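Per-chain residue numbering starts at 1, and chain names A, B and C are given in the order in which the chains are listed.
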Amino acid sequence: MSEDRDGRTPTPPDGGRARRPSYGQVRRDRIDALATAGTVDDEPGVSLIRSAWKRLRRNPIFLLGAAITLAFIVLAIISPWIAPWDVTARPLLDQVRPQTNPVPGPEPGHLLGGDDRGRDLFSRLLVGSRQTLIVGVFATLFGLAGGITLGTVAGAIGGWVDSLVMRIVDVMLSVPSLLLAFTIASLARSPSQWTLIVAIAVIQVPIFARLLRGSMLAQRGSDHVLAARSLGVRPRAIVFRHMLPNSLGPVIVQATLSLAVAIIDAAALSFLGLGNPDQRQPEWGQMLGLAQKYISEAPHLAFYPAGCIIVVALGFTLMGESLREALDPKTRR
Amino acid sequence: MIRFVVRRLLQMCVVVLVLSMLVFAWLRSLPGGPVSAILGERQTPERRAALEAALGLDQPLPVQYLKFLERALQGNFGVSTKVLPGEDALQVFLDRLPATIELSFVAMVLAIALGIPLGYLAARRRGSVIDNGAVIFSLVGIAVPVFFTAFLLKYFFAVEWNLLPVSGRQSTGLDATRITGMFVLDGILTREWDAAWDAIKHLILPAVALATIPFAVIFRITRAAVLDVLDEDYVRTAEAKGLTTRVIRARHVLRNAMLPVVTTIGLQIGGLLAGAVLTETVFSFRGVGDALATAFRDKDYPVLQVLILAAAVIYVLVNLLVDIAYAVIDPRIRTR
Amino acid sequence: MSPRRTMATFTAAILAGAALAGCAESQRDDESGGGNGDDGTFVFGAAGAPEMFDPFYATDGETFRVTRQIFEGLVGIKPGTAEIVPELATDWEPNDDGTEWTFNLRDDVKFQDGTDFNAEAVCANFERMFDQNEAGQTAGEYWGYVMGSFKSDAANSLYQGCEAADDYQAVISISGPTSGFPTMLSLASLSMQSPTAMEEGDANGIAAEGEGFSFPDYADNPVGTGPFTFGDYDEANGTITLKRNDDYYGDKAGVSELVFRVIPDESTRRQELEAGSINGYDLPNPVDWAGLESDGNDVEIRDAFNILYLGFNLDGNNPELKDPKVRQALYHALNRDQLVQTQLPEGATVATQFMPDTVSGYNTDLEPYAYDPEEAKRLLSEAGAEGMELTFAYPTEVSRPYMPDPEKIYEALRTDLEAVGVKVNVKTASWNGGYLDNVTAGRYDAYILGWTGDYDSPFNFIGTFFGNLKENDFGTKGMPWGKQLADDLKSADAIVDEDERAAAFEKVNQQIMEDYLPGLPISHSPPALVVGPGVEGVEPSPLTAEEFDSVTVEGGQ
């Protein structure tokens, strides 16, 4: 399940010696490690990014991930125009007979055949990329917005506000994430695309909050912030002009990884019956959920969307992981 | 040490109490409820009200909670409404637990047996084809949703190639003796070898499916930890002293790299419980996860409450054990 | 922990296990098959676990499927139909006003515990069902449903008393005639159980405990008169084993063991059947029918004894729906022929009224509303309701005999409605997760729902839908004709003469479809069950009440 996807190498700031082994702690440590990754004092930010990019260009894993991601995003944007059929049209309906021909096969004009309602499967798969991206992006954006707000407030103000916010964040981090998403999604009276997005966004909030706050703390003592402060720059300006932009690197890395998690979790929630039920908005997780009934007679109905989910999630993960490694000062030795 | 354990246990009580409140409130704010699960199409407002009154669901939430708490403190968690009507909810959990323990144990053993050697190998040959291949493989393991892995395994190994049973825990008609509820262990204890073998065959696919994610995590942690240790001064020193590679490997590298790995293994337990819900559903494997899914569908409040709280308690206890194991391995922890 | 120390711990654990093994004994039966002879085992894949084994307190089909093999009623059902036939009673006769029914009983029947079945046992059973404590009155749901009330409120109960006129003659009095009596005695819930066993197991000792009911010992140790006796329930493995009753008075069962194995997932049941580990299962997905047949299995299609309808909430917030013209327009908008052809299993038919054609009172003169989108648009604009909004819902996580796949049926209906300009507000909830609650609470303007008949009676269909004025899903209390309809139904139901009664119900059916239009009956769809190669003798029952005593399995298992 997804929460384990976060369980990567715990490398806390103190060098990984006295780790307190609790589940939330590992996730926290990981986020903290990422938070400090982009903000190394003795190296100006520009050259850091440049040197990271240099390494990335030669990294086959990154290139593979980036290629998949790029293709997916382009497809999601242009799919409604290149899809041969409207996703609600049922051109093959007359061929559908529940017993003899539940799922029409491929024929000229219908590359992958139809689905159980006589709609063009290929078109739905294409357009499904858009909904899948929308769910992933909006869930991550909402999570990011919530996380930035909480993290900035906590990191910038400090004191008891910081303690309170971080305590809440830590509790949220210690709950397995899919469980948290399930808990929230199941409360909806009528599931929809937005309940799905909100449920997945909520599990991203604590991650981004902790990331931002860690990054802020790391920069508070850094030379350029101290310099700005001694020059009399207003605190608000320091936060927005210096600290936030400098946290961007880790945030982008985390957002890339979060997109993969969001897409997989959306599929899992759809599988559990909490996805978007509206067929006018085809989405891969939803298509996979609906295909379960046809698993004996038409397994391809499940294989196509599942394959798409896996490839795209893999693309984001490969890219995010290599970005993280490139930004991590430890692996640059 | 004892004070540390006692403090953690007290903390656990507070956590469970707060959690019980949250779970109670959450369940009752879910749409639907046990009444419509029982009545089905025959439901009318009148019959609904009667059944709600009989089950005490018409009372204010705090009153319901206090009643629940009062009973729970006496060890009575209510009776199941739909999973196994009339049965004590705690008993339902205890009956299902051995199946899940058996499944998770085998899954974890698989994950460890594959993850640690592979992680070690990948770190030793960093940047090689083996390393890159293993890393991508582990990322694929993470990118494939568990239910789909389970589903694929079932489709190919059980249905298409007919090598292993499709679902369930044991074939019908074996007349196996039950002792612990862990069928493989039971078969071994009673020397009913056919029953044990049959149970093993039923275990393989769900265990492999469940093992994918802990495998990926353990592999990557081992790889990273070994890389870290290989870089440490004392390993270089040991090499400089002329110790053979095998000795370094055994005495220094593995032992020190095991620290984060042990932690991770403990932490995976929570994830295993969650993954078990999906795996057990796909394989109709009658464990806690299957009971949880059924209870959720039919809104069996008492069973849901017990299952969630028990999962929390197990989770906290396992972490406590990991902490203790940790303190034993690394004396520096104790002084903190 | 060093690897070596880990190994040591592990070895210690193994040794401890081995020591334990010394104490463990195999409890296997050495005499295989017991005294039953060995005619093989029939393994049936059930979708869910039975609630318990006392049918009186049970509410769901998975329980009744099991108890039906163990128990019999006074009145039985002719295999393959919904008609009632003599079972434990050989014949019955009402008095003139239909309030006293004399049942003559078989004199060669013994309960499985060896005690006699006689008129005394019959009356003991009825008194037991009638005399329930508070918890029992709520849990004894089917009795409450067909009889109206219990002993504590005897005045409102249909059942009034039972008397043993003779050793093998029981007289049951009821408060007034109804189309449902004595047909209702074929319900699995009202089966005859051994009074001795019930007393020993404190059968009525049900109590409310926390949020559930706790059941007495008897609920796990049922004793009936049927062709199978209860064996055991292996909860850990999800199997229920029944043994052949070798002292059964009729034809002995064809298999020596009947096993129900719980497999909640539909596609897994199919995979298990193909793997040969089960011999049959209920409600195969219509999509799989052809594939199952071509793999050598036998798909047994039952007669459709159900109805799927599009219901409206006439007492809700949608003012347009109150206009009969608008409802008529919506009926014309739906292409039910296409729906039935493309989305429902073979053998499904378009419905013309709220009951299947095998039930008395079915009006053969009624024609289905024609698919005519132009007419629909015209009617809508006439009523000034073009572009009306409709909150229309369907349930998820459920498959019923009348709707194998609610979502697909809904999609077809929604597409048709949108084609005539209705703005559909899509709503959904899971079956137990609020759908039924929302329907009964009137939170949707329109919804899909249906009904499978409990027994052969018109009132069991339209009476359930419209007979209770205050509380029905259609909100007929908000319509001027609502009370008239409820009253007509009740008076039709109380007619003693069968032909007169049927005529009265036919008239009500016509009024519902032509004047009232509270909802649109969509289809009757035949549910199926499937058995594997070598299985013979399954009689598909429209009531989904198969009895497996006639089943034989070639070669056994």
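Rule of thumb we're sticking to: a contact is a pair of C-beta atoms (placed from the backbone, for glycine too) under 8 Å apart; a residue touches a chain by one contact, two chains touch by 3 or more.
Predicted model only: the values in this text are computed from it and were never measured.
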**Complete:** Chain with Cα centroid nearest the overall Cα mean is chain B
**Asked** Using C-alpha centroids, which chain lies at the maximum separation from subunit C?
**Response** A
**Prompt:** More contacting C-beta pairs: A-B or A-C?
**Reply:** A-B
**Request:** Provide the C-alpha centroid distance between subunit B and subunit C, rounded to the nearest whole angstrom.
**Result:** 37
**Request:** Calculate how many whole Å lie between the centre of subunit A and the centre of subunit C, each centre taken as the average of the chain's C-alpha atoms.
**Result:** 45
**Prompt:** How many angstrom between the C-alpha centroids of subunit B and subunit A?
**Reply:** 25
**Fill in**
Residues of subunit C that touch two or more other chains sit at 271, 397, 429-430, 433-434
**Request:** Would you pick out the residues of subunit A that each touch at least 2 other chains?
**Result:** 186, 189, 295
**Item:** Touching two or more other chains - residue numbers and ranges from subunit B
**Value:** 30-31
**Request:** Show which residues of subunit C lie in contact with subunit A when the two form their complex.
**Result:** 266-267, 270-271, 285-291, 338, 341-346, 396-397, 405, 407-408, 411-412, 415, 426-430, 433-434
**Message:** Using the touch definition from the top, list the residues of subunit C that touch subunit B in their complex.
**Reply:** 1-3, 17, 20-21, 24-29, 41, 43, 48-49, 51-52, 59-60, 134-135, 138-139, 141, 144-145, 208-215, 219, 234-239, 257, 259, 261-265, 268, 271-272, 274-275, 277, 397, 429-438, 440-441, 449-451, 464, 468, 470-472, 557
**Request:** Can you check the complex and tell me which residues of subunit B touch subunit C?
**Result:** 30-34, 36-48, 50-51, 54-57, 67-68, 71, 76-86, 89, 95-96, 98-99, 154, 158-159, 162, 165-173, 175-179, 181, 183, 185-186, 188-192, 250, 254-255, 258, 262, 281-284, 286, 290, 293-294, 297-302, 325, 328-329
**Asked** For the complex, which residues does subunit A have touching subunit C?
**Response** 88, 90, 93-94, 96-100, 102-103, 116-118, 186, 189-191, 273, 277-279, 290, 292-298
**Prompt:** Which part of subunit A faces subunit B closely enough to touch in the complex?
**Reply:** 1, 3-5, 7-10, 16-23, 26, 60-61, 176, 178-179, 183, 186-189, 260, 264, 267-268, 271, 288, 295, 299, 302, 306, 309-310, 313-314, 317-318, 321, 333
